[in-house]
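Structure first, then comments.
Labels for the chains are A, B, C and D, by order of writing; each one numbers its residues from 1.
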Amino acid sequence: MSWRWMRYLLASAMLFAAGCGNNKPAAQQIDGQLRIGIAFETLQTEYWVASLDNLRNELNKRNAEIVEVVADGDANRQLEQVQSLITRHVDGIVLVPKDSRTCVPMIRAANKANIPIVLYNRGAATGAGPHVVVVADNRSITRATVSKMVEVARQRGRKLKAAILIGDLGDINAIERREGFDEIVAENPDVVEVVARIPTEWNQEKAFAGITNALQANPEIEFIFCSSDFLFPSVISALKSANRYLPVNDPNHVVLGGFDGDATAYGMLKEGYLDADGVQDVQFECQQAVDALYKMNRGETVDAVLPDPGFVIHQGNLETDAERMWGSQVGSHK
Amino acid sequence: MTRKLVAQLPFIVLLVVAFTFSLLTPKFATTANAANLLTQASSAAVLAGGMSFVLLASCIDLSVGSQMFFAAAVAGKLLLAYESVPLAIVAMPLVGVCCGAVHGLLVTWAGLAPFIATMASLFVLRGAGLWLTETRAMNLPAEFTGYADATVAGFPLPIVIACVTLLALTYLHRRTAFGRQIVAIGHDREEAYKAGINCSRTIWQVYLVSGVCCAIAGFISLTQLGTVSPSFGRDREFNAIAAAVLGGTSLSGGTGSILPGAAIGAILVTMVFNGLNLIDANPYTYPLITGTVILFAILCDAVRHRHFATR
Amino acid sequence: MVRTSSPLTAPSRHTSSHTPGQIEQRSEHPLLAALRGRTGVFCIALYLLCIYPFCPELASTGQVLAVVHNAAPLLVLALGQTFVLLLGGIDLSVSGVIALVSIISASFITRQWAWAPAWTAEPSLSIAAGLLLGAVIGAVHGFAVSVLSLPAFLVTMSSMMILGGAAVWITHGERIGDLPIPLLDAAQRHYFGLDISVWIAISLALVALIVLRRTLWGQWLFAVGQNARAAYLAGCPVTWVLISGFAWCGACSALAALLYTARMETASPTFPGEILLDAIGAAVIGGTSLSGGAASALGVVGGTLAISLMAQSLTLLNLAHWHVLMAKGSVILLAAFFDARRRAASAAELRS
Amino acid sequence: MSETLLACRNVRKQFGSTVVLNDMTVSVPSGTVLGLVGENGAGKSTFLNILGGVLAPDGGEIELQGRRYTPANPIAAARAGVRVVHQELNLFPNLTIAENLFLDELPARWFGIDRARLQREATDMLRRVGLRRDARSLIRDLSPGARQLIEIGRALRTGAKLIVFDEPTTSLTTPESEHLFELIRELRSQGASIIYVSHNLSDVLRLADNVLVLRDGVVQTLDAATNLNESVLIRAMVGREMTQLFPRRQPQPERREASRPATLELRGLTRRNCIHDVSLRVDAGEIVGLAGLMGSGRTELLKMIYGLDATDAGEVLVDGVPYRRRCPRGWIKRGMAFVTEDRRQDGLLLDSNARDNTLLASWRQYSVGGWLQRRRASQAATQIQDELLLRGDRRVIVRRLSGGNQQKLVFAKWGLRKPRILLLDEPTRGVDVGAKMELYSTICRLADAGTAVLLVSSEQEELIGLCDRLHVMRSGKLVAELQRAEFSNEQILRHALDPEQIA
């Protein structure tokens, strides 16, 4: 019996001794250079990849030391990762939370360690304590995009059947985009009638099965809004197998609309298949986030919400606004 | 007489489910929906066929979903790096064979329980796939995704691939010594050893077959989806087991069939979702229904097994 | 799966017919065998030594506290899984039970449902209801395994799907977040520098230690786990023992659900399946045999710390989530390999 | 023509400390039939397993056609031409007859099976064996007799030099048996050698050229069949002086009046085609023996009493009170104990130490409200273990103890509960002589203390030495009851074998 107890004591004693003896973070700190932690929920879509790249550029400009962690959709792991960032004494955190509620304890922990925290692209629920949010106004961008789509639909002169691919209902942005879509559709009952609402939970396979069956159930769908461009590949292959993926000027072209403004959308726009796409100005948002962090670090006050108006790109303003669209720079995938 | 009835049970259940759905919604019983259903069911059928093979030898392979994902990740990387579609198409079965070989070694040489080995490799292969794709969705070029809509002699390519694979599996099962020895091993591994069968080598080959089936199913799904997303192939193993068991393959090995059985099982599982979708059932009930279908499959296998104890 | 599918029939054919590996605290072993019994925790201590130079930050008190903090709910899960592994079965339904229990308890507490009975408003009763629900689900698993003699991993696999599906269906995928603040503060209070969840986990480990060593139930768990037929012939209530073992695992999953919910201040209807990997890995590294009959509560505590330490150190090395996934999977394969080798060795003695 | 095919020189085999085959020397010329007879446990099945490659001998060597013959496993033995037809069949029900016959060497065509050739070969094999069934029908639809013939067919495949038949006629009808004898004579004329093991002495005498009688692992007699007859065989099989002394039993006073209810009474126990209307009674302090051959239903009877197998009719009474819902926990409460035949599988926790095995059946007595009184339990365990003279290290796991000590632990487990009724199934199988004596004294001590003992054993002198009364069982029926005065080996064996055999 004694041998086993002795070994446990040995192991734990060694662990604690090392722990107490060494409290100072090992990496020395070049004065003025900040260590910034970036906590992303997922890199599943091109939008997130582009955001991460832009954040890195902004931080490299200020030669900050970057610590990146990705939670791959697990809120509990993200909480553990944020706590480990805090214990590594970072000077600021850019957080892309899985959803508006699970980030509340993270924000509270950051505030307790008085580390400035900026939420990127997704806001937090009420009562989370002081933090800054850089977020695109999903509702207004969606309203602008869908009204552009309605304009195109109105030229058909008949009522079109519409379908919407909804994102993960736990994600504030997905809900705001759905509400934006519903508001515009409600305002133009004569032009558009929603016949299919397809929940995708940001999962490609569910999107593909949903849209294929929806086209199967009512083949006369001619108006599809995608809550995120990353779902477009599934929509394209579904339309192709029903051979209804037709250019804009074709009489029975299916009116398509998206959100994010990634490279796929840019490609579709250029080839003339996509009618309108709500774009989140990634460079602008990243710059805002990093500036906010540095200001807070210097003790200046920053207002709580930094909105990104974003803009709608469509066949009309394609040539003029193309460069402002981040999807055009990045290319489909390196 | 009851033995015949039970043998035909999968087919009867299929007809009953088809009938109820066609009552519920006229859109169901159309030829277009039938074609759409079969195309969707093709990748599930190939997986169910591979799973039946493994179940016949009274083993299990929980990592089929992750094998699909890993193979798809490798193909995606090759496609984007070398832009050559044939290379990617050839690479997938190779990856399947390698995964199958490793699983076979774990179960035979290392002596691990099949479900522990394949459950652990479920996560390892998912991790490996994520490593390859760095959890980023990879959009595949048009020539690759074109295969989804290609047709061979009028039939959609996925259905043709599925039929060819299932025919080959049935031939292996019924017409070759390898197939007959698997049935013997599935019945009783000790007795098969005494009868002079090299059990380890045969079971190792079974996992190779399962690996290849995963690669083929991965190819079919990949062409349909057009992109390698991090959640590709997730939870496909549950549907495969349900399809195989609903098709009449027993969980304790030795009995079961690939062509009529697994195919019917796969179509049945896919039909349930296709039908639900058409009647606009609340989409959040799908995982609940999958679980119930699997439980129903396990229960009817237990009843069938105990009622017709083959010994 | 339980070696004897049902006490009445001979041990079920397709599981290995040899009885399992050693019990290290059940019998005094010569030094070497005791060492072999503890391979798991021993090689993790080795791992600790060689990882230290690469990430010295690991040794700061903050990180150590983080490791212990993260390990708490996992320890509760591992202790539940240990009892089921001890019986020769396995419980894959962990992520389903966590999702459903957290959703239902949270819905009761935040009065989501009008029809909920009045007493559910009282948080402590809702928490008790959640634990009871977990125990009942576990008991159903035990019933299916013992009386219906279904394979344990298939029963729990399909119940994972059903329970997870039910959770998603109940809330339509949405999370329940507005938990009462006083309750959350209570759940996150620190005693002597450690979170309340850590104390809960430690006390559960003590309970498990006492049950396995000092109680009649513990003896029966070991007997049924080693040789259910001999236990049945000797008068052990095998069916009741199996049902209670699975019920304990269900209740532990429910307790872990409540801890996670309190920690994240949100009840989420989906829970990643990888938690199963950690729970089984912790139990197996802690010396629990995969074929039943061998387990030690202290070992599981060591195993859980090992898994949490590994995950933390890999994150500190800026390795991505997929490396952690592959590392955990390989650790389980390694531990299962050791277990299979030990069983093969003792089986060889059986045949000689 | 008759050069020796198989030559065994002082083959020896022992399990732990018990010698099962001791210095066995025999040579089988090719083209002859060797009859092999002996009691249960005389070492017959061990010898067959050594020939069949399942076990390896501990001493001596075997030569097949002049070359050393050491098969590593059954496959190697079959390839060397030694084919063993086991009693329990080794067939796969959901495969066809043809596939079962040639499972390990299915004829190949490109990479499929050459169905035509397989069908041809299977059909002529079925004709040889005398089974008129289509080679494509599945095994599961066949009768036990037909399955036995197919098992024999598997052994007759090409290249069979030595064929060993182990009790082949148990499930065959008389015409099928006759056809088998024809087949064996035909094989003998083709130069193959046969070893024929059976309890049916008249068949052995009709078939065999010479007969070997095995007792306690030693070759008792080896002689041509012509100058042997059944009574000589029986005497050779059993005739040995009472070497083992049995503890003195106080003479049982004739106090067993029919009026007082027996401690254990069976009334008309029946189970379809297994046990037919068995009735017997066992009084306190009495040891009743159950003799009979392997497969006569003795173990099944004990299982039915203990509630492990279902019963179709009849009841079991304790002190005159019937106990319907028979399950082990219920019986243990009523003071019954059951020492099973296979202690490793049913009786012991092989990975626990001696103390846990001893206390396995009585933890409830040593716990208060679920809390174990470990000290009191350990003392009781150590005390009973000393009582039973348990040797060896008590801390090490039971797997590493000798057969004798393991059986003592099983007795200690039940002894701790002070049972009123004790069912024993082959209590001293695989136990060394020393431990046997100690177990016998334990059984007698328990009986003298008032326990009703029902003893099933295949060792005749054990039954004769220990029992007050003896029932002989044959194919599920009690065929004879012998009092202590009438006990004799021949008498028991005569009743155990088929009456018509013994003229």
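Here is the rule we go by: a residue touches a chain if its C-beta (ideal position, glycine included) is under 8 Å from a C-beta of that chain, and two chains touch if they have at least 3 such contacts.
As the structure is a computational prediction, the values presented were derived from the model and not from experiment.
S.K.: Suppose chain centres are the mean of their C-alpha atoms. Which chain sits farthest from chain C?
M.R.: Looking at centroid distances, D is the chain farthest away.
S.K.: Need the CA-centroid distance for the pair chain C / chain D, whole Å please.
M.R.: That gives a centre separation of 44 Å.
S.K.: Please report how many Å separate the Cα centroid of chain A from that of chain B, as a whole number.
M.R.: Taking the average C-alpha coordinate of chain A and of chain B, the gap between them is 34 Å.
S.K.: Give, as an integer number of Å, the spacing between the C-alpha centres of chain D and chain A.
M.R.: Distance between chain centres: 74 Å.
S.K.: Could you state the distance in Å from the CA-based centre of chain B to that of chain D?
M.R.: 46
S.K.: At which residue positions does chain A touch at least two other chains?
M.R.: 70, 72, 199, in rising order.
S.K.: Which chain B residues reach two or more other chains?
M.R.: Within chain B, residues 130, 134-135, 188, 284 contact more than one other chain.
S.K.: So which bits of chain C are touching at least two other chains?
M.R.: As it turns out, chain C has residues touching two or more other chains at 28, 172-173, 274, 320-321.
S.K.: What is the complete set of touching chain pairs?
M.R.: The set of touching chain pairs is A-B, A-C, B-C, B-D, C-D.
S.K.: Across the complex, what residues on chain B touch chain C?
M.R.: Interface residues on the chain B side: 58, 106, 110-113, 115-117, 119-124, 126-131, 134-135, 188-189, 235, 238, 241, 251-253, 282, 284-292, 294-295, 298-299, 302.
S.K.: Looking at the complex, which residues from chain B come into contact with chain A?
M.R.: 25, 27, 32-33, 36, 39-40, 80, 130, 134-140, 145, 148-149, 221, 224-227, 229-232, 273-274, 277-278, 280, 283-284
S.K.: Name, in rising order, each residue of chain D that touches chain C in their complex.
M.R.: It is residues 306, 308, 328-329, 332-333, 338, 340, 344-353, 356, 359-361, 363-364, 367, 370-372, 374, 395-397, 399-400, 413 of chain D that touch chain C.
S.K.: Note which residues of chain C are touching chain D in the complex, please.
M.R.: On the chain C side, the touching residues are 8, 10-11, 19-23, 26-28, 214-217, 219-220, 222-223, 226-227, 229-237, 293-294, 346, 349-350.
S.K.: With touch defined as at the start, can you tell me which chain A residues reach chain B in the complex?
M.R.: My answer: residues 42-46, 49, 70, 72, 198-199, 203-206, 208-210, 212-214, 216-217, 230, 233-234, 236-237, 240-241, 264, 332-333.
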